[in-house]
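Which chain is which? They are A, B, C and D, in the order written, and residues in each are numbered from 1.
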Amino acid sequence: MSTLFSSLRKSFLVGPLALVLLVIVAGCSGSNTGSSPNSAASPSQSADGGKPATGGTFTYGRPAAVNSFDLHNQITSNNAFAIDKVFEPLVAFDNKGEIVDWLSKSHNISKDGLTYTFVLRDGLKFSNGTEVTAQDAVFSIERHLKVGGPLAIAAQVVSVKAQDAKTLVITLKEPYTPFISELSNFSNGIIPNNFGGVSEEEFLKKPIGTGPFVVEKWDPAGDVTFTKNTNYWQEGKPYIDKLVYKLIEDDSQAINQLKAGEVDAIESLALQNANELKAGTATAVLTNGSWVTEQLFFNTLDQHFSDVHVRRALALAIDRNGLTQALTFGFAKPANSLLPPAIPYNTNDTIKALNYDVNEAKAELAKSKFPSGFSTKLLIASGNSARAQEAQIIQNAAKSIGINIEIETVELATFRERFFKYDFAAMLNSGQADSPEANSILAFQTDPNGFSKSYWTHYTNEEVTKLLYEGQKTPDGESRGEIYAKLQQILADEVPYIPLYFPDILVGARSSVNGLVVLPNGSLRFEDVQLKK
Amino acid sequence: MMKSNTEIKPSVTLDSSRRWLTQALLRAALVVICVVTAVFFLIRIVPGDPAKMILGEYSTPEAIASMHHTLGLDLPIGDQYLRFVRNLVTHGDTGASIISGTSARELIADRAPVTLLLIVMASFLAILLSLLLAMLAATNKDKLLDHLIRIFPTITLGMPVFWVGLLLILLFGVRLRWFPVGGVGEGWTGMLHSLILPAITVAFTQIPTLVRSLRAQMLEVLESDFLVTLKAAGIPSRVILLRHVLRNSALPTLMLLGVNISYLIGGTLVVEQVFGIKGIGSLLFSSISKRDFPVIQGIALYCAIAVVIISLLVEMASWWLDPRTKGKQ
Amino acid sequence: MSASPILEVEELSLAAGSKTLVSGVGFSLDRGESLGLVGESGSGKSLTLRAILGLLPRGVEQVGGTIKSEVRAAMIFQDPRKSLDPLCPVVRQVEEVVYYRQQVSRKAARTIALELLEMLGLPDSLKQTDRYPSQLSGGQCQRIVIAIALACKPGILLCDEPTTALDVTVQQQILATITRLQQELDFAMVFVTHNLAIAATLCSKLCVMKQGSIVEHGDALSLLQHPQHPYTQMLIDSVLPLPELEGSASV
Amino acid sequence: MKSTLLDLPLQPDDQRKSTFQTILSTPSLVAGGIMLVLLIGLAVLAPVISPYQPSEQNLYAFLKPPSAEHWLGTDQLGRDVFSRLIYAARSDLKIMVLAEIIPFCTGVFLGMLAGYYGKWVDSVISLVTDTFIAFPFYLIVIIVAFASGAGQRGIYITFILVGWIVFARVTRGLSASFRKQEWIASAQTLGLSGVRIILRHLLPNVLPQAVVVLMTDMVGLLVAIVTLGYLGIGIAPPTPDWGTMIADGQSFITTAWWLSAVPGFAVVYTGIALSLTGDGLADLWRRK
C-alpha cells in the first residue's frame, strides 16, 4: 500500500521508461551467460501426474489499461503484456532469459552474421484456424520496418523473403549482434498477411494471432477479457478458459483485492508488500531476476551535477548495500554495474564501483566547484513508497557530505513530462532492457544522439559512444565482453547515473494458482496456469 | 356563554413569504458572485507565476510568454476578469484544460455522477446513523449506552478520514469481504455496493457533530411539554418517537447538515483517493499535480456553487417545513 | 353518586434522589367533583398531578403512598403553545389522540375531532385548512389542548394552571369553557393554581399545599371563611377583593 | 488555556480558590488537561527525552519490533520510531498552534465587529464568511498546499485564509446577543467608544466560548495537517510528521502494525485531549 496517488507503480519499472530500446541489426544467437533467475515460487506443472485441472477464469489485476494492440507502435507494459498474449514472435526468451525457438521449429544464423533463416513449426494456425505461412512472417516484419515505432528494427535489413511456405530468410547489410534477441520481443510477433483481409483499423480492434488467448471484450479505458485460443499450437493449452485483465490503479487497492480473492494475481507488487503476501497462507509471491536497474540519474546540464566530482562524491556517500537491504527485503541485489546480472556481459561482480566511504566522498566533493556543499532538488514520482523512502536515504547520505536535498514529489505524468524536458537536477528512476541484450540498456542510456539522450541525463562521452557502436557489430564472444566491460567501467567512474540495485520481478498471486511463468521482463505466461478448485 | 373565538389570522402572508424568498435568493446570488471572484483570484493568490509552475523552472522566457497568453495573463486584470466571467456565463466553463484541451466543464461533468452519488449516500447515511445513535442516547439518558454514544464523538473527532477509510477497508473489505475494497462496481447494484464503505467513511466524519447536537436537540424534545401531552393522551410511545420526536429532531439535523455540506464535500474528495474512486477528487489531485489551473478553478467553482445551492435549498426546505419560522416572520 | 371515590391518593411521597419534594399528600375525589390544589410555586402541586397522571418528570420517583384511580385521567398544561407539537397541524393532533384512544377508524376520528373543536368554540375555518400551533393564538391553542384532553374521554381532568400563561380576558373564556364542559360531561377535576380565587370559584373542595405537604384542606367555602393555617390566610389576603367579582361574573 | 482562565475578570482570593476547586470538579477538564500537559511536555522536551535523532538512519536495523533499545521499534530506514513520534508531536503541534493564532485573532475580532455594529458591517463580514465557507475546507487546503509547494507554508496560508471563519461565526452570534443587553446599552450611554466597548466588555464575554471552539478547531487543523502529510503534500521529509509516518507504515500494516498504528493513536489521543479540554472549559463556564 503506497500513498494515495494512484498512478505510479511497477509499470514504471517495466514499461514507459525502459521502453524505448533501439533495436539494431546483426549477430548470432546469444550466449546467455550469467542470467540466474530465481525460480518462481510455484510455477510447476501439476505434480500429481494426473490430468491437469482445466477451465475457470483467471483475473489479473493491472495498474494501467490496455489501450492498443498495435504491436509495432506500442512499448509500454500496459499494452505489451496484452499484445504478447495474442501475437507471438519466431523466437522467444524463456523465464531464464534464454532465447528459444517459438513459432520457428529451428533457426540458423550464417557465419558472417548477415543471413537469418527460420523454419516454422508444422501445423501452426492462427486463432481463426488459418494456417500460418512464411508469407505472414514476411508481412509482419515488413510492416514493422515500415512503421518503425518505438521499438523499431535497428538492424539494416536488406531483404525479408519467404523461401517456401515454411521458411523465412532475412538478410542484413552489416552484422548486428542484438538482432536475434530483439526478434524475441513482442513487437516482432507474427500477424496474418494483409491483416487477414480486413482493414488495419479493424484488425487492431479484433486482433488475430497465434497466441494462447483471443480478445473477447476490450474496454480501452478499462478491462480486457480474453478467451482461450482453441487452435493454440501447444496441445491442450491453455488450461484456463478465460483470462481477465482487471484495471486496478492503486497499489494498496490491488493488494487488498488480491487478499480478498477478488483477483488471482496482481502485476504491480511493491517491494515492501512482498513479504506480507508471502506470509499469508492464501497468497504467494512469484519472483524472477529482472532486466531492471534502479538508478539515481543526474542532469549533466545542471550547474551542480555537471561537475563529475559532485556526482562521484554523492556516489561515494551512498551506502548501496544498506539501501538495498532496507528497501527491498531480499528481493533485490545491490548494483555495481549498469547492466543487471540477468543480462549477458554484465560486470556486476568484477567492476570497480565507487563504494560507500564518507571520508572519500568528502574528499571528492572538496575537489569540485562546490567544496562546501550546496542545495538542490531530487525529483520523484508520487505513488511509489519505495522511491519515497529511497529519496530519504539519499537525502540523508547527501547531508552527510554537506549537500542539502529537497525532495520534490510530483505525479507520474508530470514526472515524465518534467524529465523529458530536462526539468530536473536529479531524479530516481529505473532503466530496463526489453530483450536479453546488453545493447538494449546501453543504447538507451549512453547514446547522446538517440531520442532518449542518454536517458535524459544528456551525458556525452565520445569514447562511450564509440564502444557502444562497436559492441553492436561485434559477434558474441570474449571481445564483445571486453568492449562492454570497458564501457561499464567508464560509466562507473563518471557516474552520469548511480546504479542502486537490481529489483526482482514480483508478482503477487493467490496460492491456489499453479503454473504461472514469470518472464524477466515482467510479463507472465498463462498457458500453463491451472486453478485449484 | 363563552365568546366565540375570532377568526384565525394567517400569520404568514404571501407577501412575507415572497419577501423572504427574494432575500434568500439575492443573498445566494451575491455569494455566488463573490465565489466567482474568489476563484478568479485563486490563480493569483497562490505564490509564484502559474506559467512557470506549469512549464517548470528551466523553461524559456518565450514559452512562459506564450503560456501567459494561453492563460490570458498578459491582459489587464479587468479584461481578464471580464473574459473569465463571460466564458463562465456563456459556456458555464472556466476554460480548456491546459493538458488535454478538453473543456473543464466536460471533464468535471464526466466525473461528477460518482461523486454526487457518494455525497448523497453519505448524507443519507449520516442522517440515518446520527438519528439512530442520538435517539438511542437520548432515550437512555445517563445510562451506559448514552455514555458510550457521548464518548464516541470525542474519540472520533480526532480521527483522520483517510485513517478511518483504511481501517474500514481492512475490516470489511479484506477480512470480512462484505464489500469490495475499492473502485466502482458495474451496474447500479455493483456501484451502490462498492460505494457503501466510502459513504460510511464520509458519513463518519459528519456523525460526531451531528450526534452531539442531535442528542441535545432530542433531549429538549423528549423533555418538552408537548411530549407529556401526547403521553398523557395515551398515544403509543412508538408513535410518539417515530412521528413526533423524530420529526422534530430531523429538521435541525437537516439544517446542520446544510451547514456542514461544505465539510462533507471536502471529506468526499479525500475519501475518493483512499478508495480509488475516479470522481471529482481524483480529477482534482491529477489536475493539481499537472498545474492544470482551468480545471482546478472549475472544480473549486462548481464545488462552491454546489455548496451555496445546497445551503439555499436546505434553508428553503426547513423554512418551508417548519411552521415556526413562518410564525416569526 | 357512586359509592366509592374515583380517585384516592394516600400518603403520596415523591422525591428526586435524596431530596423529598412531596410528602404525605392524600385526598379523594368523587365523580363530577372538583378539587382545587392551591399553593405557591414549588409547593409540589404540579408534581402531584404528574404522579396521578403516571408521568413523573425524569429523575423524580414515587417513594411512598398509593394512588388509586378507576378512571382515565387527562391533563391540561400551563403553556398551551409548548403543549402542542409545533410541527404537527392541530386538528391532526386531536385526531391522532381520538384514533388511538377511542379505537375508531381514521375517518371517524376526524369527524369526532372536528366535533370536539366545534364544541370548544374553535373557528370553523380549521375544518378546511389545518393550522400549526404557531399560527394560533394562545387561547386557541389551549382550547386545542382541552380538546385533546377530552378526546381521551377522561373520568378526571387534571388542570395544571391552565390559565396562567394567558391574557386576562382569555383566562375568563377558558375557565368558562372548562366549567361548562364539566357540567356537560360530568368528569371529576383536579385544578392546580396559585390563585385561590380561581380555585374557589371552580372547586367545591380545596387543598392548600406548602413545601410538598398539604397544610389545610376542606370544603371551599368554609376554608375561605375560616382558614386555620396562617399560610392559607396569607393566600386569601393576597386575592381577597377578587372572589366576589369573579363569583358574580362566572355563575 | 490555563492562562486565559486566570486572565478572566479579577476575583477576590477566596473566589479564586473556588475556581480552582471548580476546575477539579470538572472531570473532563482535569482529564483533558493532564493529557495535554503530558503531550506538550513530551513535545517540548523531545530533544532531552528522545534517545535518538529523529532522522538518524540505520539501514541495517530497519523494521525492528519494539525493544528496550528502541521502545517503539524502528521504521523502514532504521530510524527510532519513538524519537520520531515525539519529534513529530513537536512539529505537528507547533504548526497547529502557530497556524491558529492569526485566524483566532482575526476571527474573534471580525465576529465582534459584525455582531456589535450589525447593519452593513455585519452584512459585509457575513458575505465574506459565506463566500469562504462555500469552498470545501479540504479543497482549499489541498489546492493551496500543492500550489505553494509541499511544506508548512501551505498550511499557514490556507489557515490564514479560511481558519478565521469559525471564530467569526461564533463571536458574531454571541456579540449580537450581548449588544441587546442592558449593560452594553448603559456603557454606550456613558459615552464609551465602540472599540473600547468591544475590547473591554465584549471580548472578556465572548472569549470563553471562542476558546472552547478553538479547542475543537485545533483538532480539525491537526487532522488536516496529518492528512496533508499522508497525501505527501504536508510537512516535507526529513522533518517527522504523524501523517507521513502513517503513510510510510501503511505498507507494513500486517507485518509491523505499530508503525502506522502508533502515530494514528497519537493523533486520536491529541484529538481526545483537546476535545475533553474544550468540553471541560465549556462546562466550567456554563456553571459560572
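One rule holds in what follows: a residue touches a chain if its C-beta (ideal position, glycine included) is under 8 Å from a C-beta of that chain, and two chains touch if they have at least 3 such contacts.
Source: prediction; values computed, not measured.
Compare each chain's C-alpha centroid with the centroid of every protein C-alpha atom shown, and the nearest one belongs to B. Of the two chain pairs considered here, B-C and A-D, the higher C-beta contact count falls to B-C. Distance between chain A and chain D, defined via averaged C-alpha coordinates, is recorded as 50 Å. With centres set at the average Cα position, the gap from chain B to chain D is 24 Å.
Distance from the chain A centre to the chain C centre is 91 Å, each centre being the mean of its Cα atoms.
Residue numbers of chain A whose C-beta contacts span two or more other chains: 4-5, 382.
Looking at chain C, one finds that none of its residues touch two or more other chains. Each of residues 230-231, 250, 253 in chain D touches at least two other chains.
Those chain pairs judged to touch are A-B, A-D, B-C, B-D.
Here chain A touches chain D in the complex through residues 1-5, 252, 270, 272-273, 275-276, 279-280, 319, 321-323, 325-327, 382, 385, 388-389, 391-393, 395-396, 406-407, 409, going by the rule given at the top. Residues 27, 30-31, 34-35, 38, 42, 45-48, 53, 153-155, 157-163, 166, 170, 262-267, 269-270, 273, 284-285, 288-289, 291, 296, 299-300, 303-305, 307-308, 311 of chain B touch chain D in their complex.
Contact residues on chain D toward chain B in their complex (touch as defined above): 127-128, 130-144, 146-148, 157, 161, 216, 219-220, 222-223, 226-227, 230-231, 243, 246, 250, 253, 264, 267-272, 274-276, 279. Those residues of chain A whose C-beta lies close enough to touch chain B in the complex are 4-6, 248-250, 253, 256-257, 259-262, 382, 410-411, 413-414, 418, 421-423.
Those residues of chain C that touch chain B in the complex are listed here as 50, 53, 55, 57-58, 72-75, 77-79, 82-88, 96-97, 100-101, 121-123, 125-126, 131-137, 139-140, 143, 145, 148-149, 151-152, 173, 176-177, 180.
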